[in-house]
Structures are given as C-alpha cells and as structure tokens.
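Both complexes below contain chain A, partnered by chain B and then by chain C.
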Partner chain A sequence: MLTRSDFDQACKAYVDAHRNARASGVKDYPAGWIWTEHPYVLNLGYLSRTRHLSGTPHPRTDVGEADDFNHPSVEEDDAVWHSTEESLTCNQYVVYSATFGVPAFYFTLHDRSGSPLALEQVVQSALFRPNTLPSPDGNTFAVTLPHSAFSLLSQGDHPTLGTPSWYLHPCNTAEVVGEIMAEVEEGRTNLLRCMEAWFMVLGNIVDLFAGE
Partner chain B sequence: MTIVQFAPFQSLVQPAFWHALTELKIDVLRLSDDEQPVTATYTAGRAVKDRETGQEIALGCNLTASGDAFSKTPQVPQNAVAATGVFKNFNTIEDFKNADKTALFNQVADEIWKSITVDKSTALLNRFLVITYADLKKYKYFYWFAFPAFAAKPAWEIDGEWLAAENALGAETLSSIQSQLHASPRPFFLVRTVENQTTIAPVEEYDTFFANVPPEDRVIGFVDPSALPTNPGWPLRNLLAYLLALHPETAQGVRILCLRDVEPPVAGSTGGWKSRFGILKQSGTGAATTERPAAVGWEKNIQGKLGARVADLAPMMDPTRLADQAVDLNLKLMRWRILPALDLEKVANTRCLLLGAGTLGCYVARTLMGWGVRTITFVDSARVSFSNPVRQPLFDFEDCLNGGKPKAACAAEKLKKIFPGVNASGHNLSIPMPGHPIPPASVEQAKKDVATLEKLVDEHDVVFLLMDSRESRWLPTVLGAAKGKIVLNAALGFDTFLVMRHGARTPGTDGKRLGCYYCNDIVAPTDSLTDRTLDQMCTVTRPGLASIAASTAVELLVSLLQHPAGIHTPAPPLSSAQSAADSGSSPPAYESILGLVPHQLRGFLAQFRNVPIVGAAYDRCTGCSETVVGAYEKDGFEMLLQAFNDTEFLPRLTGLDKLYEETQLALDGDDMVDADEDDF
Partner chain C sequence: MHEAHEALETYKKKDVNKVVVRFKAVGNAPIMKQNFYKITASNRFQAVIQFLRKELGWKQGDPLFTYINLAFSPAPDDTVANLFKSFSTDGHLIVNYSTTAAWG
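Moving on, here comes the complex of A and B:
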C-alpha cells in the first residue's frame, strides 16, 4: 500500500531513474514518462506519456456519398508516395488509486481521426500482449481478466483530467506487488523499487514497449 | 536517375482537437464560418517494430492537431516544429460538401508562393488548410486536410541513392546539428562545416551563410516527418520550390539532409542515426520563375481516395451513451463479482407500470432504474403540490409552481433527466374505485379511463400498486389477475408497511395459490391489529418508511424474476424461512438465486423488524377470486360499473356479507379516500 505522498515520490523517483531507454538497449522498464500536477489542486499528480502504435486501418464510414461532393480539381502528380498505414495514438497514464492505495493504469487509444477505438479493437491492439485478454464477446464497455492482478479492463473517467479513458481495475494489484516487494531486499522500503515492481506486473498484460 | 517520391503529410488528430473545436464553435464562432488560424506540429519520423513480422514499420508522416490548435500561444512539444494553417468550419454538411475547395486550396497555395517570392521567407512553407463540419449533436466531425505543395516540372530526381546520413556526413556532424537544433528548433536549416566546425543557420541567410562555401560542402536540411528510407517527407517539396525560385542554381544539385534524429541514438543500440542524405537535381530551365507552379496536396481518406474523413467521438463524448454504458457496468460488476448466474437482461427488459407517482412511486422508480429497468410508466391523477418535493425525490420546488405539474408526466420527465436512456412516460388518469359511484355524465370518461388502464396493464409485465387508498387498488388487482401480470403491492402506515406480491391466478409450483391484497385482508393472519393499521391510509408516515417499503417491493420483484417459476414461485414456509436462508448446499424450490421470495413482508419500524407472512388465496376474495375475475372477463366494463356504483355488488357476487361490513368500515374514514388530496 502506498500513501498519496508515497505515490508522488515513487513516480518522481521513477521518472528520474528511467528518463531514457537504457543505453544497453535492454528493455526492462518503460521510459519516457512525465510527471504532471493538476494546475490548481494538490495531490492529483500523475504520470503520462504518448505512444504511437501501428495498426491496420479498419473499415469505417468515411463521408461516403462522394457523388454529391464538390471535389477539388487535382493536378497529376507522380512525385508522391502513397501509404495506407494506420497509426494509433495511445495516451498512457499512471494515476493514484486512493481506494486501493496503489498506482492504476489508465489509457486512451484512438485512430488518426481522433475517434476512440471500440473495445474489440482495443483488446486486439498492439498495446496488449497477444492472448492475454479474453474477447469482449459483444460487450462494448468492459472485459474481465479472470486470473490476473488486474481483474477488469473497463471504462472510467481519468481521475485528474476527468476525460473518458480505459483503465485496468487495480483491486488485486497491492497483493501482487506486495509479493514481489517481499522478495526484494528486506527492511528497505524503496519507493522506486515498488514502482518498478508495479510496472513489471503491468507488463505482463500491457506491452509497455509497444511503439518503440 | 529516379524521381523523388515524397511521403505526404498525414493528419493525426487528437480527440482534444475536437473538444477544442466544439468549444470554439459554441463559444466563439457560433454561426460564423470565417477562416481561423490553426496550428499543428510535426516531428522527426519514427518507425516501430511490428510485433508479428518483426519488421520496421514507418509510422507515417504525421502532422498532429491537438487541443491547443486554436490557441494564440500553442505549446509545441519538445523536438517538434509548428506549422500554421487556415481553418474553416462550415455550418451545414451541405455547405461543407459544396464548398469551392479548389478556390480555398489555391488561396493557401498563393499565400505560400507570395511568402516565398515576395517575403523570401520559409515561414509559410508548411502552411496547410483544414475544412470541417461539426455535427455537435452526434459528436461527429467531418474534416478534410490539404497540405499544398508545389509540384516541380520536371520532377526532382535523386542523383545516386538515398544514403544513411551518418555515412555521408559523419556522426560528429550529425551530433552537432542535432544539438544545435535541440537548442533552437527550426523546420528548415542550412548546414556548413568549416574547419571541422559545423554550424547551422536559417535558410533565409543562404547567400551570406554559403558565400564562401563550395557547393559540395553545402547541406540543406529539414526536420523530416517521414521514416521511409527512400521517401523524404512532404516539407521538402516546398523547400525545394523555395530553392528553385530564389536560388535556381540548386537545380544543378542540392545536398539534402532529412533529419530524423530528434535525439542522439542510444550508445550501443542497433540502428544508430536514422537521418538520410541525398543529392537532388532538377533538369529544368534553370531560370528563376515568378509564376506560381501548380500545387497538389489534398489528403486522401482511409480508403485511399480523395475525400473527407470523419471522426466519430460519440462513444467518448455522447453523455447518453456514456450513461447507458455506465448504468450497465455497475450491474454487470455485481454479476461478475457476486452472482454469475444473475439474469440482468430479464430484469432490464421487464416493463413496469407504476400506479401512483407519490412517495412510493418515486422511490420504486429510482430503485428500478438502479436495476437497469428501461421501461417505466407512471399513472397518477394528481399534480405536484408544495408538500411533495421533500418526500418525493423526483420532484422539486419548481414543479409545484403555477398549480403544479401533473405528477405522472413530471416524474417520467425527471427519470429521463437522471438517465436519458430510460423509456419513461406518464399518464394523467384517475382509477375508478368501488364504492365511489360514477355519475351518469361521467360514465363515458370512466369507460375511457378503464380502457386506458386495461391497455397499460396489457403493455407491461409488472403492475406496482403504489396508491394511497385501499379501494383504488381494486381495479388493477382484478386486471392484474385477469391478465396474468405480476402485481406488487406496497402500502404504508405511520410506522408500518406492507409489501406483497399477488398470487397468480393458477396455483404455484407447490400446488398452493397465494392471495392478493384483498384475500389477506379478510383472512387476517396472526395479528389483526397490525393488519388494521395498514388499512388506515395514513397521510402521516415516518419519512424513511416509504423508501424502505419501495426498495423492498423492487427487490421482491427482482428476486421473483430470478426464480425460474416466476409468478408461480411458492412462498417460503414460515417456520423454515430463517434456517433455509442460512442452510447449505442445494437451495430449496422456493429460493431464487437471490434467496427467498416471500409472499408478504410486514415491516415494523418501531421495532426495526420485518416479518414474512404467507396468506393463501381466498376463494371468495373480492379482488382475485375466480368469481370476480370471471365476471369481469364476461361482462367487462358493465361489471366494473356495477362494482363502482353499488357497494353491495361485490359482496353479493362473492357471497360475502362480512366483506360488506369491512368495506363500509373502511369507507367511513372518508378523507383517506380521495387520491388527489394528499399522498403519504
């Protein structure tokens, strides 16, 4: 269990320790996080970063009825390279769960247009390790993760920004992180280690190096 | 030599951009479709490893529009450069479709050309155009970006091949360029290395900066949003147009650095510097021209065709859809966590008719909504009065003004305010009652009212009796029995309540038929005194009682719905009620997955005690006996009219003299009879 101020310190320590990817190229802890405080209110700070993931464009309704469209006149142009690659933008956040006293992982995932992805696509995206999440099976707002430190992937408002996000429910996190912490050096309460342990647990489900 | 193919800009829109556009449209632009300045950013192109193939995939030549695109002082992320553009929002989809796009495009292209030839500036080389139509009701945004670029005729060609810049220029030079750009980012720059000293300068200083530098030592660089090895990004096109217009000798060969490293590569990692280098030539006339070349650059849509794109943010922004999902989520959590077998759909699809929109009606409706019930219909004939709001949670002070709103419609409206996804409606209707004779002039109206009520009962699965008088429950009791509906009954005393479910017309799975409100009146169970208080329709009751009774009624319904036998669920035997709930493995037939499904509950607030009671159906009951229901089915309104007009009709029909006396007694307490007067 972390207190709010433990969380703040742990995050700041983590940001300092893992500012850049490891020189050796070993991908152990995800880097590039930024610590942000709420502009007016104390104790609402969080970590954030943005990752771009590759994705296949999914069929969607563009402004289809092109017939009644006043199209611009377009010059012939050979000097152009055509791409069909879809790029997904993933905003990732680590916030403090006051209820469970642990960090919680929030994220948004949207396509080029800014449209949010449906749960089915979220589950299949490169953000999650293959086959770690069950199919939402028609459910549009949540999936359960039966045998995991994270019991549920669900929708909720970002606790500081108030914007709709996806999040992994943190109810079993303390237990699992606690087990790992018990393994590390005894008698030393190390907030950085705690944060690293949490990222390790999270990394079992979320590919924190996706988009690198 | 091969033609250089440029990777076009691809718009990448953050949801925050659409939020900002919504605000701009509502607060500032309103109906104006004037052009607005807009800012977007880009940074060096990046590639990621595909997790399936392991191949490097270029992430596209992104121009990112984010939340501060309309801000006067937009934040440019570290290592990114800004591009300014023209934004135009149309008020209708027709305007958007019919807009003269060629004219808009040419206007921007002209601006860029003027900036090159007149101001001799690179400031507008990345100028872009974005047109939108915002359907704010549906949270849909139609948009189309254009990135005007001047097409060189003939096209630029690459002399040799694109090389790794590290090989062409050396890591030291790159490192020096990178750190100088990091300190003062600029999209386009000149590079010279004199006596091992690499310096960069704005492109505008071409003549002075390159004055004594031989052509083979001159490098012109740009921050390259492309990550493709042989395709430089879009900004290079207008940079080349600039060079061709102002420094036509560059056509003979210009050394181009595509800067793709916003930070030095991590030591020891694979890949090293990502930047590319190439020498470009153009076999034109070599003469400076002031005539604007043709421009290209409308963005293609997802299908790769020329056309607008659309962003659908409804799943993220539409409050109705968000509420809809959130309502379900709470319930599903209950299923996932506690009761995997819970049939929530069955509850949600149960259509509930609430007779009475007073204290009980309000609380019952809210609890039903909590269970995800989506169809809730109120019937009440009263208006909201000043005494109501403090006890009836769907009403407020405003509702009492000007004589008060009709309660049923007002309650339905409030439910929709709480949760727009609910299908709620209200009917202003008085329910005819036995012992309240109908004057001949009103018979037609009464007939209509009965027909309306019959139709409503037909259209719902459950009827809640939540009125404040005993007699008004009679007609719906008969209708519920005749039509085989689940009938839930709640009544309040001062500090006691009754919540019960009416028995089905046919016996339950245990062979016994459970009674209705009226059966159990007659066949008083153990405590006749308690029984009597319930019948006294007090206008005063302890304020917390209504919500307790209302919640109990709804929970009783849900337990019943979860029992496979439904309306025929047997009542738990009284003696075993306690032990059955505690006992182990196989639940007895009278238990649903939520536990017992009692027939009646009597609550005593003075003792904070609830007592389950079972009352069998009475074959001479004035409400649910076969005699009464059969007579209604045979004679319809005629039979009902007799019951309303003639107090002796029902006792005579059922052969119950005793009932006559009881009814008489009840009617003596005259003020409790009028439903319009007050609710508890």
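Moving on, here comes the complex of A and C:
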C-alpha cells in the first residue's frame, strides 16, 4: 500500500530512472513517461505518455486468382501504405487509486478520426497481449472475469483530468505487488523498485512496448 | 564447399543448443521439487510457460504469471535464446512464477 506521497515519489523516481527506451532495444522497463500535476490543486499528479498503435487491418478483398482471369497476379508491395490499416492513438496514464492505495492504469484509445474505440475493438487491439483478456461477450462497457466481484476492465473518469477513460481495476494490485516485493533482494525494496514491480505485473496483459 | 558445410553445421548446432532455466516461486505459488531445467534455446518463451503449467499441473484457465529476474514480464514470442543472452545470471535464466490472480 502506498500513500499519495509515496506514489508521487515513486513516479518521479521511475521517470528519472527510465527516461528513454533502451538503446539496445531490450524491453524490460517501459520508458518515456511524463509526470504531470494539476495546475492548481495539490496531490493529483499522474504519469502519462502517448503511443500510436497499429490497428487491426480491415479484411482486404482478395485480388483474385490469376488463373481465373488470365491476368498476371498482382504482387503485394510491402512499400505501399495500406489505407485500411489504422493508426490508433493511445493515451496511457498511471494514476493513484485512493481507494486501494496503489497505482492504477487508465487509458484512452482513439482511431484516426478521433472516435473512441468500442470495447470489443479495445480488447482486440495491439494494446493488450493476445489472449489475456476474456471476451466482452456482448457487454459494451466492461470486461469481467467469471467469479469476480469487480470488472477487470471498465470505464471511469480520469481522477485528475476528469475525462472518460478505460481502466484496469486495481483491487488485487496491492497483494500481487506485495508478493513480489517480498522476494526482492535486501536493500532494494525502495519506491522505485515498487513502481518497477507494478509495471512488471501490468506488463502481463498490457503490451507496454506497443507503438514504440 | 568446406565453408558451406561448416556454416550448415553452425546452424544445426544453434537448433539444439540448450540453456538452463531456473524457476523460482513467488508468493503462494507451489514450489517444484526440481527447479533447474534445460530448454532448447530456439524455443519461444510460450513453450516455457506451457512447460511450467504442465509441471505444476495447472490448467489453461488457471492464473499463472511469469517474470524474468523479477524485472519484467516477457512476451510469449520472445525466444529463450534472446532472453538468456540479455538477462541470464550465473549461467541460468531466472523465471519467477506467481499464481495469484492480478486482475479483477
């Protein structure tokens, strides 16, 4: 469990420690986060960054078998930009959940025209690792695991910005991060390490390196 | 001709090259009797996850999370060879595993 002040310190330490993606391309700690505070209210700081993800391409109509039409087959040219492939804008945030005393992951996902994606598209997007989220099963506002009291992924307002977002429910976060911190070697159980552990757990279902 | 033969031999060797993986339980995850295993380096990490599930007797739906050096969660398509090259310590790759449901 973190206090609000712990969270602030942890985030700032993380931003400093992992400012840029590793030159070697090694994908361990997601980088490029910015710490932002509310213009005039204290204690509402959060981390943010924006990523551009490739969207699911719309199904392409087949060119057709060359044999049927006696025409030479058209070769797919990889250099051609396929206009059916969308680029999605994903705003990612790490905010403090006062209820649970832990960081929580909020995000928005829009297509090129600025329209927010529907839940089904969010679940299938490049933001999440494949096969980690259950299907929404017709639900349009939340994804819930069976036997679970809370929805895993649902909608809520960003605590500082007030804008509508998706967020991953943090009720189990404290327990899981606590377990990990218990295994961390002596002398390294500081707030930065805590934040790194949190990102590690998040990385199980969110692809934190998508769009880099 | 000799160079070509050597080159082919090198690639053949890469395929069967095995690396040592050491599994370490986190929290309440069951501890296995045997923690060190040799795994073919060309495997994707997905194979390690499936192997661990089998050893633990964990079904497909049961929560199982894996980490490298308690630092990050590897993508299932990362190859064991690359992970070993970048993150091995003392000649083995540490794979931490947890069965506590993280979400919901």
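FYI, the second predicted complex is superposed on the first by the 172 of 212 C-alpha atoms of A that agree within 3 Å, B and C clash if a C-alpha of one lies under 4 Å from a C-alpha of the other, contacts with A are read in each partner's own complex, and residues count from 1 in each chain.
Following the convention adopted for this analysis, a contact is a pair of C-beta atoms (placed from the backbone, for glycine too) under 8 Å apart; a residue touches a chain by one contact, two chains touch by 3 or more.
Here the structure is a predicted model, which means the values were calculated and not measured.
Asker: Applying the document's definition of touch, where does A:Thr173 land relative to chain B and chain C: first, second, both, or neither?
Answerer: In the superposition, A:Thr173 touches chain C alone.
Asker: Going by the contact rule set out at the top, does A:Asp16 touch chain B (first), chain C (second), both, or neither?
Answerer: neither
Asker: Once chain A of both complexes is superposed, is A:Glu37 in touch with chain B (first), chain C (second), both, or neither?
Answerer: A:Glu37: touches no partner chain.
Asker: By the touch definition at the top of the document, which applies to A:Ala118: first (chain B), second (chain C), both, or neither?
Answerer: first
Asker: Go through the superposed model and pick first if A:Lys27 touches only chain B, second if only chain C, both, or neither.
Answerer: It touches chain C, and chain B stays clear.
Asker: Using the touch definition from the top, say if A:Thr144 reaches chain B (first), chain C (second), both or neither.
Answerer: both
Asker: If you lay the two complexes on top of each other, which residues of chain A touch chain B in one and chain C in the other?
Answerer: 24, 144, 152, 207
Asker: Please output the residues of chain B touching chain A within their complex, sorted ascending.
Answerer: These residues of chain B touch chain A: 3-8, 10-15, 17-18, 46, 48-51, 57-62, 97-102, 105, 141-143, 146, 151-152, 155-156, 228, 231, 237, 266-270, 294-296, 298, 300-313, 315-317, 322, 325-326, 328-329, 332-333, 336.
Asker: Show me the residue ranges of chain C that touch chain A in the complex, using the header's touch definition.
Answerer: Interface residues on chain C, with respect to chain A: 24, 26-28, 65, 67-68, 70-73, 75-76, 86-87, 96, 98, 100-104.
Asker: What part of chain A is in contact with chain C in the complex they form?
Answerer: Those in contact with chain C are residues 24, 26-29, 129, 144-145, 148-152, 168-169, 171-173, 175-176, 179-180, 182-184, 196-197, 199-201, 203-205, 207.
Asker: Touching residues of chain A toward chain B in the complex: what are they?
Answerer: 20-25, 52-54, 57, 59-63, 66, 68-75, 77-87, 89, 108, 110, 112-116, 118, 126, 130, 140-142, 144, 152, 154-155, 164, 207, 210-212
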